[in-house]
Every structure is written in C-alpha cells, then in structure tokens.
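Same chain, two partners: subunit A is paired with subunit B first, then with subunit C.
Right after this comes the complex of A and B.
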C-alpha cells in the first residue's frame, strides 16, 4: 500500500468514523442518564435524513401516501441540516414522552423500556414506508452548492484527493463533539445533567428537575442522530425506511467498544471502527460489518467495560 | 418561645409498599431552632426528612412550611422555597469535583458573585474542602464527604437545613469536628432539623428533641430535659 492510498484510507476512516461518533453520542447520552439503550435511535437517524431531504424542497416518489409531495420551501443544505436535526430531536422527545416516561413513572423493569423502544423503531420504519414508500432517495448533486467534488491533500505531483463531502463531515463532527464536550463539562446545565445521570434523587435535592434534563437529553440525542442520518444520507443516499437499522447496530458496536455511557468513549470507538473499516481491502468490503462486530466480540472478552468505560465492578 | 412556626407537620403518615413507616406524626419547628429527631434504626427518622424534602410521598397529613402547604410540591420546588437536605449516606456526586458539587448546591441561585463568595465561606467553614476543591468527590474520605454534603446543602442558602445522620460511620474525632460546625451554624440563623442515632451528641447541641419509635412520636421536650429523662437514658443514651 503506498502512502497516498494509506492517507486516503485514514481520511476516509476518520470521516465515516466521525459520523459513527456523533451517532453513538446520542446513544451514550441517553444511556448515561437512564441506563438503557434507546433502540429507536436508529429510526430517528433515518427520520433526520428524510427531514433534511424534505426541507431542501426535494420531492418524494409515487409509492407512499405523500406521493410527489414537495414542500413549498427550499432551504439551503446547512439550514435544512440544522432544522432537520431539530425536528429529529423533537421526535426523540416525543418518543421519550410516549414510550419511556410512562414506564419510568411506573418503575417498570428496564428491559420493558428497551422492548418499548424497539417497538417505536418498528412503528417509525413502517410509518415512513407508508408515507413515502420504500425507495432509495438520493440528494441532488447540487446539495452542497459550489463545493468542489474533491480536495487535494497532497502536492500537485503527488495528489491525495479526498471527497470534499467527507472533509465537511469531519469538520462538522469535530465542531459538534467539541461543543457538546464543553457544554456538558463546563456549564451549569451540563453539570446538572451529569448530576441527574449519576443520581437523580440527589439532583432533585439540589433543586434540579430531573425530568427536564431527561427531556433535554433526548432532544440532544435525537439532534445528533438526525444530524448523522443527514450526513450519511446526503453523502451516499437514503437507502429506504430501514436505512438507520443497520447503522443503529453499528452504533451499538461503537458504544460497547468505547465504553457504555462514556462521551470520549463514543468518539474513540467511532473513529476506531471507522478507521478499521476503511482498511478492509476492497475485495472484502462486503464483510466490513463482520469486522466491526468482530472487534466488538474481542473487546467484550478482553475488556468488557470498553476502552474508556468505567469498571463494571461497582465499588462500594 | 416564638409563636410562628417555620415548619409544621400535622398527622403525617407514610407507607412504603404495605409497610407503614410513619403513623400520624406531629412536629413543629420554630425559626432559629436546632431540633433533633432521635430514635433507633428503622424508626422512621430518615423517612420524616425525606417526606419534608418530598422525595417520598405523604399518604396522610400535611406539611406546612412558612404557612404554605408543601405536601404536594415536587422535590426541586421545595429547595427553591428554602429547604435543603443533606441526605443519609452523604450522596455526594462522586464523579464531579468538590467545586462542582458546591456549585450544583447553588443550582437554584443565579448571582455568580454571591455564589462565589458563598463557596469561599464554605471553605472557611470546612478548610479540608478547600484543600481538595479540584478533587473528584468520590475520592474524598467519609468525613470529608460528609462535610461536602453539608456545605453543598448550605450553598442553596436554606432557611431550614435537614441533616440526616451526619455522624454515621465516622471516627469520633471527625464526628466532634462536624458537630462543632453544626453548632456554629446556628449563629448564622439557619434553622436545623437534625436526625441522629447518636442521641447523646445530638441532644447536647439541640434546643428541643423528638423521640421516634416505630413510626410514632413517643416523646418530645427540651433537649436538656430529654437528656435527664429515664426512658431516653435507658433506650438511647446507654
């Protein structure tokens, strides 16, 4: 492998890995505050991509209830991405209110909540299929405006071209992760959110309303999921209503690798899986998922708390 | 004594599942008092505090604070009204620093400057916390965690401070240190409801005391009288 191909693989890996990271952050935030995996996160990812697609004024096909529908507005990509992700965040809050909150109030077993979130995922997938059909939607070529198709990271004599979309993804993800880390670690509300994650009863004794922070967490989680969905959907395509399901499973591998509930863990896990996948030789690219889950199995055997997770043995 | 109570509990009953933890208790606290609630393990002392700060529900009776019925308020609202609770087992936020714990204690307040000066005030009161301000709270010793729990409760500038078993599991020298601080707190004007298994110590610093036995209040009097009472001496002062 020559240097150019190597660097290309690295940059490709970081690009897809950073999407894994922001997607997995959504899982991790909810896990750290409620101690459960929200299986509807993959469906929110899918919705985010559809929302952005719609907000850009793109039309749907003939198969669903909304056949040939297009919104009368045409937002530029950046705004559509922003509002699409906000819409995904709001759906995530709705899921919390309908599928998580009632069970929490009744102090139901967390397994029931997990099953409930799986049910929501199936309902959303079916609803998408009912509304817009099962076909693949591709963002139009002018989605990214005047961005050149590739940027050269090498010299003129020795070019290392990278698709500019991937550079955009990497930059957007970097900004989002830094912002989130800052908000959670250095602001009053971030500290309150971590207090709720550690001990909701004690948080309430300090005047913090745990419920408000659970809602906020679901919003941020859904925002990140929707953002990841749009980044994948716009750089490749929206591969139908089941689009987010496979990605959702990949996200699970990422958080288990990085450490459940750990924010830096989600980032490191995402980048690791992205990089490893990028180095799977082209002939074997159909087996990328097997590689990701292979890493997961090895991790579970060697270090079950993940790369950056807290030890599973509870200290007394 | 003063005629307008700060806290008035009337006929309060609490059940956990089918088990009755408190049976129609009455308890009154006047502004500026230190009142202690003593009794053996499982008598319902902690439950009383948890009912006041609303993390357990009252099944009957009411809790009046400054004449306002707070029996149906939510826990975070009660903090805003001026009640702070330093819970049993300290419950510091172990994954955040001492400083963050104190800042979160002031969550209901907004003036950065007065919060900052209150943090410095806590550090004067508890110099050990100042030395460890950037350490994660989980790495503190039991005594330091107890000091942090009290300091954190004070950060909301409470009118009524609920202290649950501040001596639990601590070495005698540390216990004395903490009780001296509690005694000094009364000079700042905060009203204190102190739950303790160490009845002797508690009655020495309190104005009045209530004795709780299996969910009922069986005795209440001036602390100095309770210290002399034969029933109290036999059961709790050994």
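Right after this comes the complex of A and C.
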C-alpha cells in the first residue's frame, strides 16, 4: 500500500468517523442524562437530511402525499444545514414530550422507554415513506456552492486529492465538537446538565429544574443527529426513509466502544470505527458492516463499560 | 367455505407462526432478559431448512413430511447450540447491554447471509420444495407445534425452572442470594427461545417457498417485540394472542379500509400507513398498558367471575 492510498484511507476513515462521532454524541448525551438509549435517534438523523434537502428548495419525487412539493425558498447549504438541524432538534424535543416524559413521570421500567423509542422510530420512518415515497434523493452537484469537487493537498507531481465534501465534514464536525465541549465544560448550562445526569433529585434540590435540561439535552441530541444526517445525505445521498436505521445501529457500536454516556468516548469510538472500516480491504468490503458489529459484540463481552466509560457498579 | 380457506389459509398459518415467534421472545423475557435475537435464530433455522431441502436431500415434490420434521429437529439443535455459545457470555450483560449485544448478533448474521455463497447471497434461496398442496395444510404441522409449545411454557411457569426465571426477572440479586444461579437460568431461557425461533424458521422457509437475508432483520425484531409487549409480557397467552392479532392486523386494516362511506384519505391511510399505526400502537401501548393487554390479573379476574356464576 503506497503512501497516497494510505493517506486517503486515513482521511476517508476520519471523515466518516467524525460523522459517526457527531451522531453518537447525540445518543450519548441522552444516555448520560436518562440512562436510556433513544432508538428514535436514527430516525431523527433521517429527518435532518430530508429537512435540509427541502430547505435548499429541492423538489420531492412523484410518490407519496407530498409528491413534487418544493419549498419556494432556496437557502444556501450552510443556512439550510443549520435550520434543518434545528428542525430535527425540535422533533427530538417533541419525541421527548410525547414518548419519554409520560413514562418517566410514571417511573416506568427503562426497557419500556427503549421500546417506546423503537415505536417512535417506526412511526417516523413510515411517515416519511408515506409523505415523500421511498426513493433515493441526491443533493444537486452545486450543493456546496462554488467549491471544486476535490482539493489537492499534495504537490503537482505527487497529488493527494481530497474530496471537498470531506473538507466540509471536517470543518463542520470540528466546529461542532469544540462548541459542544465548550457548552458542557465551561458554561452554567453544561454544569447544570452534568448535575442532572449525575443525580436528578439532588440537582432539583439545588434549584435546577431537571425537566428543562432534559428538554435541552434532547434538542442538542436531535440537532447533532440531524446534522450528521445532512452530512451523510449531502455527501452520498439520502437512501430512502430507512437509511437512518442502519446508521443508528452503527451508532450503537460507536457508543458502546467509547463507553455509554461518555462524551470523549463517543468521539474516540466514532473515529476508531470509521478508521477500522476504511481499512477493510476492498475484496471484503461487503463485510464492512459486520466488522463494526463484531467490535461491538467483543467489546461488550470484554469490557462492557467501553474504552472511556466508568465501570459498572450495581447498586442494591 | 373452500373460497374462504383458500383466501385466508395463508393468513391463518402466518398468524400461528407469529404466535410462536412471540413465544420465542417471551421465553428470555420470562427471566427478565430483553433479547432481540429471535429474528437471527429464525433466519438461521430457515437457512438450515432451505439448504438441506434444496441442496442435500434432492427429493421430488411433494416433500416428505418426515424430512421436514428432521429439518426442524436439526434447525432446533443448531440454533440451540449457537444459543448456548452466544448466550453464556452475552448473558452476563444486563438490560440494555444485552439488547444491544443481541442486535449486533442479528446484524452479523444478516451480513453473513447476504454475502456467503451457501445462503445464495442477496438473492437468497428459491424454490424450496413444498410438502403440501395448499398453504392451509401447513396447519397440520404448525397447530400441534403451537399447542405443544404453549403447553410447555404453561408447565414451565408452574415448575421450579420457570419459578427461577420469574424470580430472576423480579430481582436478579435477590434470586442469586437465594441460591438460584442467574447465568445458568438466563442462558437456559435464552436457548429455549433460540430453539423455538429456529424451528419456526425451518417451517417458514418451506411455507414461504423462498428465503433471503430480509427474513431476520432489525425491523423483524421490533415487530416480534410488539407481539410480546402489547400482547402481554407477564403470561404466555399475551405473546400468543399478540402474535396472532398483529400478524392479522394488515388484513384487518385492509378490511376496515374497504368499508363503504369512509373518506378517501382515511381509507388510503389505513391501507398504506399500517406501519405508522403499528408504531403508534407501540408508543401508546407502553404508555397505557405497560404489562400488555393480557395480564395475569385479567386472567385471574375472569376465572373468578366464572366460578361465582
């Protein structure tokens, strides 16, 4: 394997890995605060991609109730990405209010909440199919404005071309991860959020309203999910309403590898899985998906708390 | 009558298969383990039957019933062995970790089925020989099997093993300190579910005539889970009824959509939006019927009111 191919594999791995990381951060934030896995996160990811697609003024196909619909506005990519992700965040808050909050009030078994989130995922995926059909939507080639399809980072004689999409992904994910780290570690909101995650009862005694921060967490989580969805959708395509479900399962591998509920863990896990997948030889690329789940399965047996998670202590 | 049988024969058999798949998920749940591995074992059992009947046995149709029973046995044994191999290490995990591990297991099996030569790759296996003339005749196999598995689970709930399962479900630590070995009983419950799912898969492969990687997916996990959780997760009648009703649900919705006088949009929604309704039922069910529709209390109340009469 020569150096150029190696570098390209690394870059491919890091770019898909950073999308995994952003997506998994959404999972892990909710897990850290509520101790549950929100299976509807994959569906929110899908929704984010469709929202951005719509906000850029692209038209839908001829299937479903909203056939041939196109919004009269045409936002540039960055704005559409921002508002699409906000819309995904709002959907996530709606899911929290309708499916999670009532169960939490009743102090229901956490497995029931997991099942409820599965139900929400089924509803969203099929609602998308009902509204806009199951076909693949591709973002138009001029999505990223005037950026050329690839940028050369090597010399004229020894070119290392990188797809501009990957540059966009790096920039966006770098900004997001730093903003999130700042929000959680350096602001009052982040402190309160961590307090609620640690112990909601004590936090409420100290004058923090846990409900407000749970809603905030779901918003951030949905925002990150929608953002990741748009990045995948715009760099490859929106492969129908189900495309978030497979990605959502991959996200499970990421958070378990990094450690459930750990924020640096989600980033490390995402980049690791992305890199490992990028180095699966071409002949075996069909088994790529099995690799992530194999890692997940072995990790659960060997070290269920993940690379950076806290060890599991069972309280009686 | 003949018309009725030929129209709904396929549905009846599917409903009974659904009931057994519900039971296969209920068995680990009896010991408090949320396992989503049933579709994986179901797919594996189907592949065992499909490969044996198309590549190994090489007999003309009608396919002998003795061979079908043999395939069910082999599928059950293979799934049982794999159940032990996967179950023993995986069942040290609790709650959500176990659910994730079983999801990973199902996905690995799916990717393998999609890429191996012996499973026919993405196309799958076609022309699996038929032991019967019409779908309804499968009842000769599935109905006794359902009754046997129901009787088995009913007995299981009464004896020591089943009580150990339930003790673990209620409080694993307490059960452990009472001298019940949780890992042993959890692996047993998991393996029993795996065997049942594998046997059902072997029948389904013949019944559906074709088998491919779409048979055991994450979607299927959610659907089987609905059978159990909405049907009722505290008594074996719950998953049986849940499996039957939810398998028939698309047909029921279609029948409702055909009633004259409905607004066009509603009829269309009932026809095409059945999975939306499915998902909504899961969300509503977990909120208002956390133990499912058929609960032990409900059964007890019924038998008491009958005794008073």
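Assume the second predicted complex is superposed on the first by the 313 of 316 C-alpha atoms of A that agree within 3 Å, B and C clash if a C-alpha of one lies under 4 Å from a C-alpha of the other, contacts with A are read in each partner's own complex, and residues count from 1 in each chain.
The rule is simple: a contact is a pair of C-beta atoms (placed from the backbone, for glycine too) under 8 Å apart; a residue touches a chain by one contact, two chains touch by 3 or more.
Since this is a predicted model, take the numbers as computed values, not measurements.
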Legend entry - subunit B versus subunit C as contact partner of A:108, first or second or both or neither: second
Inset, instruction - Could you look at A:236 and tell me whether it touches subunit B, subunit C, both or neither (first, second, both, neither)? - result: neither
Legend entry - First, second, both or neither for A:98, with subunit B first and subunit C second: second
Inset, instruction - Answer with first, second, both or neither: which of subunit B and subunit C does A:308 touch in the superposed model? - result: neither
Inset, instruction - Considering only touches as defined above, state whether A:86 meets subunit B (first), subunit C (second), both or neither. - result: neither
Legend entry - subunit B or subunit C, by number of subunit A residues touched: C
Inset, instruction - Have a look at where A:191 lands relative to subunit B and subunit C in the superposition and call it first, second, both or neither. - result: first
Inset, instruction - Could you list which residues of subunit A make contact with subunit B in one structure and with subunit C in the other? - result: none
Inset, instruction - Sort out for me which residues of subunit A touch subunit C in the complex. - result: 36-37, 98-99, 102-103, 106, 108-116, 118-127, 130, 245, 249, 252-253, 256, 286-287, 289-290, 293-294, 296-297, 300-301, 304, 314, 316
Inset, instruction - Within their complex, state which residues of subunit C touch subunit A. - result: 34, 89-90, 92-97, 99-101, 103-105, 107-108, 111-112, 114-115, 173, 218-219, 222, 225-226, 229, 269, 272-273, 275-276, 278-283, 285-287, 290
Legend entry - subunit B residues touching subunit A - in the complex, by the definition given at the top: 53, 55, 74-76, 79-80, 84-85, 87, 91, 93-96, 100, 103-105, 107-108, 152, 156
Inset, instruction - Report the residues of subunit A in contact with subunit B in the complex, numbered from low to high. - result: 188, 191-192, 194-195, 198-199, 201-210
